[in-house]
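Listed below are the structures to be examined.
The same chain A turns up in both complexes below, where it pairs with chain B and then with chain C.
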Partner chain A sequence: MLGLGILKGLIETWRNFQGGYYDPARLTTVQYPEEKLPPQENARTIPFLVYDGADPLAGMRCTACSICAVECPAHCIVIVKDTVKKPDYLGKMQFHPKVFDIDMAVCMECGVCAEVCPFDSIKMDRVFELSSDNRSMVLQKLDLAKSNDYFRQIHPVEAAAVDAARAEEQRKAQAKKDASPVPTVP
Partner chain B sequence: MIAPPPELQTPGAGDFAGHDLLEIAMGPHHPSTHGVFRMNVLLDGETVVKLTPVFGYLHRNHEKIAEKNSYLASIPYTDRLDYICSMTNNWAYVLSVEKLAGLAVPERAEYLRVIVGELTRLQNHACLAGFLLQDMGALGTPLMYAFREREKILDLFESLSGSRMMCNYMRFGGCRCDLPAGWLEQAVKVVAEFDSFLDHFEALLNENEILRARSQGVGVLPPGLAVNAGVTGPGLRASGVNYDIRKVDQYGIYNRFKFRVPLGQHGDVFDRYMMRILEMRESIGILGQALRDIPPGPILDPKFKLRNLRPKPGEAYGRIESPKGELGFYLISDGGPAPYRYRVRPPSLINLTVLEDMCLGHTIADVVIILGSIDIVLGEVDR
Partner chain C sequence: MNALDQIFVLAEHWLAGLAPAPVRPLVSMLLIIAGLMAVFGTCFALTTILERKTLGRMQNRFGPNRVGPFGLFQPVADGIKMLIKEDIVPFSADKAVHFLAPLALTVPVWLAFAVLPFGRNMSAIELDAGILFFFAIGSASELAVFMAGWSSQNKYSLVGAMRAIAQMISYEVPLVLASIPVLMAAGSLSLPDIAQAQSGFALGWVPRWNVFTPWGLAGFAVFFIAAAAESNRCPFDLPEGESELIAGFLTEYSGFKYALFFLGEYLGLFAVTGLAVTLFLGGWQAPAQWLEWLPSWGWFAAKFSALIFLFIWIRATLPRLRMDQLLNFAWKFLVPLALINLFVAAVWLKFPAAMPIRWLLCAGLLVVPYVWLGRRWNGVTPKQRQYDYAE
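Up next, the complex of A and B:
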């Protein structure tokens, strides 16, 4: 009968319409600014730099090796090496970045920098309300620096793995240092 | 009065003696063109007598950028080709790099690829069906139903890869990260819900008389022309040509799954729409098998270095059955850190070449649904 198909379809529409009053599966809209979804463990937006301890400058893990700047698909990272070396968490002397800028207007939030970083220094943040009142979105070293506690808070599983690996490395370095003979002055 | 050029006076195009033709530019900001795409349409009354597609508005130098960047840095760019199905774009690219560099993929990673690939197919086809019905005048309702289901799949992608659409998930020789806890159970649930959604979606519109009158016999693509023009994907199979790269090439581990390839008979808009619905059913079948059989194990060789990949000089072409058709990446390596030549074979662009042949003799309103049934994404057409 002509029109039967239309009627069948309208039954579906009716089912969805009245289901919206009591069926939670049909109430999928999240009223965004008032209501926010819980963040995911490995959600990623923009990168940030991790530092240990309380002082961002002293505890910054970045060693200015520029691997992230080379691998960045959009080439939005600019790094200038400092001229003096400082000891890192293993006691090794390492360079630190004098300038570390990321142009967030160019960054495409792919996470390649965090993936290739051998020092677990650059990680992906999950902040997402980034509108600002000026046009430049270049974030500098101190804007990017965030503490390890923050990293633990936003990515607990990944941060726990990183912390364990670093503690293990530290333990090994300490053992090596203890085992090596102390040079005696004749 | 402009006399029409002689090449336009084809049989079936009408006799122009005594009246004018109207040339209009449809697009690039027309909402039915799914992006910045323009059609210069020459009309005799309402009937299309000539159609020239104009594209390139979204060109952003993808291939040249990839020849400057390292192999790894091109993966996020492939997400942006066909931005609805980033997972399959990743897959096609890493498949060709794996062919080029001779890398093996662990078992679990192969299963993960099939799972995310088929989920991508589900959400792409759901979107396409919704958009096509919207083009036909079913404003909003089917599209919103389809988007509600797509949202669940995007949530799965977000918890897996960290991003909803720009997943950047696959790597040469495996995948980037393993499944988070509880993901598989959630995926099984989403796939089961998708099956019941399809039942309701089909009840909503498949038998609708208006839909049938609007789409049957419109935009017929003869199988001979489809093959000659290099059309692939659901558009080709709607014309009755049995060609699915999952069956022909059996890339990855597709030889382990049982599924059928749906074929159409008429090659019209309705068949192309039904092809999507039937393919979603088959994808649900594949997903059921893959989610059941996925083994534990590594997802990436831990010794393999992603950085500084320098494949030996040579060339490779990797292709997959993306939701839109054959998506291929052709790479030439000269031993350097970046490919010497990088070429994408985009299904959207090549399927679009038969647009004029399908539209001739139909009305301007049919052009909209014929374009909608091809399933193009302008990010991939223009690259």
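Up next, the complex of A and C:
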């Protein structure tokens, strides 16, 4: 009969209307500033630079090799090499970046830089509340530097793998150093 | 007839009595106008927020809850936003008509409240032909809508206005036809008399409201549907269907003129809801004898709010009709049903009273054509349109 479907529909909307008052599971809205969803490990936003230890400048893993700057599809990374070399975690002498800038306005958060980095130095961050009262959207070296502890905290699985690999390399380098005789000047 | 029941009437008399005798009628009129505007202005603000919250709940959302406690100050924020927005008039628009259209919509709608009885002895003017005045004023909104659509020089506005005209004129017919049985029963065109005629209780406990008779129930349904269409409510909001016409005749309006259109639309809804309460739900009458100590305006407000909630509920439930469905529904279903209802009301009034068979006979006389018309209307599949060049 004409009108029965309308009545069924009205009952359905009524059920939804009063259901939300005693069954909070119906209201799926997360009221953002007060409530937040638990962060996802796989989430990625802008990149950051990992450093070991306490001092960002001393422990920075980046060797200014510029692979990320070349691979970046948006060309948002600018790297200027320093002139002096410093020993890295294996004791090898490496360059370090004098300037490492990322233009946040250009970065599209694709994660290519983190994929290609051979030194596990550049990683994707998880921060998303990026609004500021500052118009400059260029992040400089010290803005980008974040400790390995932070990396472990936001991406525990990946950080553990990186740490294990680096410890293994360090161990091998140490073994090689112990095995080889002290080089003599010919 | 307690003091609480007549509190507004007494207050108005007292306040008007303070004025010097020569200007007393004028002051009395101004007081009533101010009271009506304050009450229904507040009602408009509250309805906008409560409608949004109810719709939200029906869609499992919270609705606006940021401004003030439970978001109740949202209308204030909306009002401020509307007031400070730039008022853009299209370059090629007919400036004068574009300016006049929102006023031409809002002013007659306010006039319609003049004849509604909001309680015992509480109507602004007691016109003998109140319902005629109401419908005459109500049909002025069509002109305003067409003024808005035509003067905007915009194809969406014009199409929206043309749809609005077609819809409003079509649904005016069942709206008036559905209210005629009530006039037959009450024997009066005056709205306070119609409300008074529905007083008393049949069998000692059933209120003698028109909605509890077969013709009253059918009339109320037809009237309610036609009222929804008259005030461009969902599911009859084709004139401003966002998905197809941007905003219909409102497309070229912004700022306070846009707000005025909304005010006019909601006030039109309130006026026609008030009329529905008066015609079918017994006006300000209490639903049971032992509840008569509550003030009459309270009962009017309760019935009025219930009907407004029903409008919101239907808006949350039904999708928008297509234009041909809309007009078919009016002319092939509502108008015949309203005419049959007229006949049934005549049968009911001529039959000797106090006969249960009268109820069954009249109900049968309505249900059979209802089912028949409904089936006929349901079975109609529109003819596949042949396009000669477009395909």
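The rule is simple: the second predicted complex is superposed on the first by the 182 of 186 C-alpha atoms of A that agree within 3 Å, B and C clash if a C-alpha of one lies under 4 Å from a C-alpha of the other, contacts with A are read in each partner's own complex, and residues count from 1 in each chain.
Just so we're on the same page, a contact is a pair of C-beta atoms (placed from the backbone, for glycine too) under 8 Å apart; a residue touches a chain by one contact, two chains touch by 3 or more.
Computed from a predicted model, the values in this text were never measured in an experiment.
In the overlay built on the shared chain, the residue A:69 is in contact with neither chain B nor chain C.
Of the two partner chains placed by superposition, A:137 touches none, neither chain B nor chain C.
Once chain A of one complex is fitted onto chain A of the other, the partner contacts of A:31 are limited to chain C, with no touch recorded for chain B.
Judged by the touch definition given at the top, the superposed model places A:124 against chain B, while chain C stays out of reach. Within the superposed three-chain model, A:90 lies out of touch with both chain B and chain C [touch as defined at top].
Looking at the shared chain after the overlay, A:112 reaches chain B, while chain C stays out of its contact range. Within the superposed three-chain arrangement, the count of touched residues of chain A is higher for B, of the candidates chain B and chain C.
After overlaying the two complexes on the shared chain, residue contacts for A:41 are found with chain B alone; chain C is out of touch. By the touch criterion defined above, A:16 lies against chain B and chain C together after alignment on the C-alpha atoms of chain A. On chain A, the patch touched by chain B and the patch touched by chain C overlap at residues 2-3, 6, 9, 12-13, 16, 28.
If you check the complex, the residues on chain C that touch chain A are 54, 57-62, 313-314, 316-318, 370-371, 373-375, 377-378. Across the complex, chain A is touched by residues 69-70, 72-77, 79-80, 141, 145, 148, 151, 158-163, 166, 168, 176-177, 180, 200, 203-212, 306-307 of chain B. Taken in their complex, chain A has these residues touching chain C: 1-3, 6, 9-10, 12-14, 16-17, 19-21, 26-29, 31. Within the complex, the chain A residues that touch chain B are 2-6, 8-9, 11-13, 15-16, 28, 40-44, 67, 70-73, 108-112, 115-116, 124.
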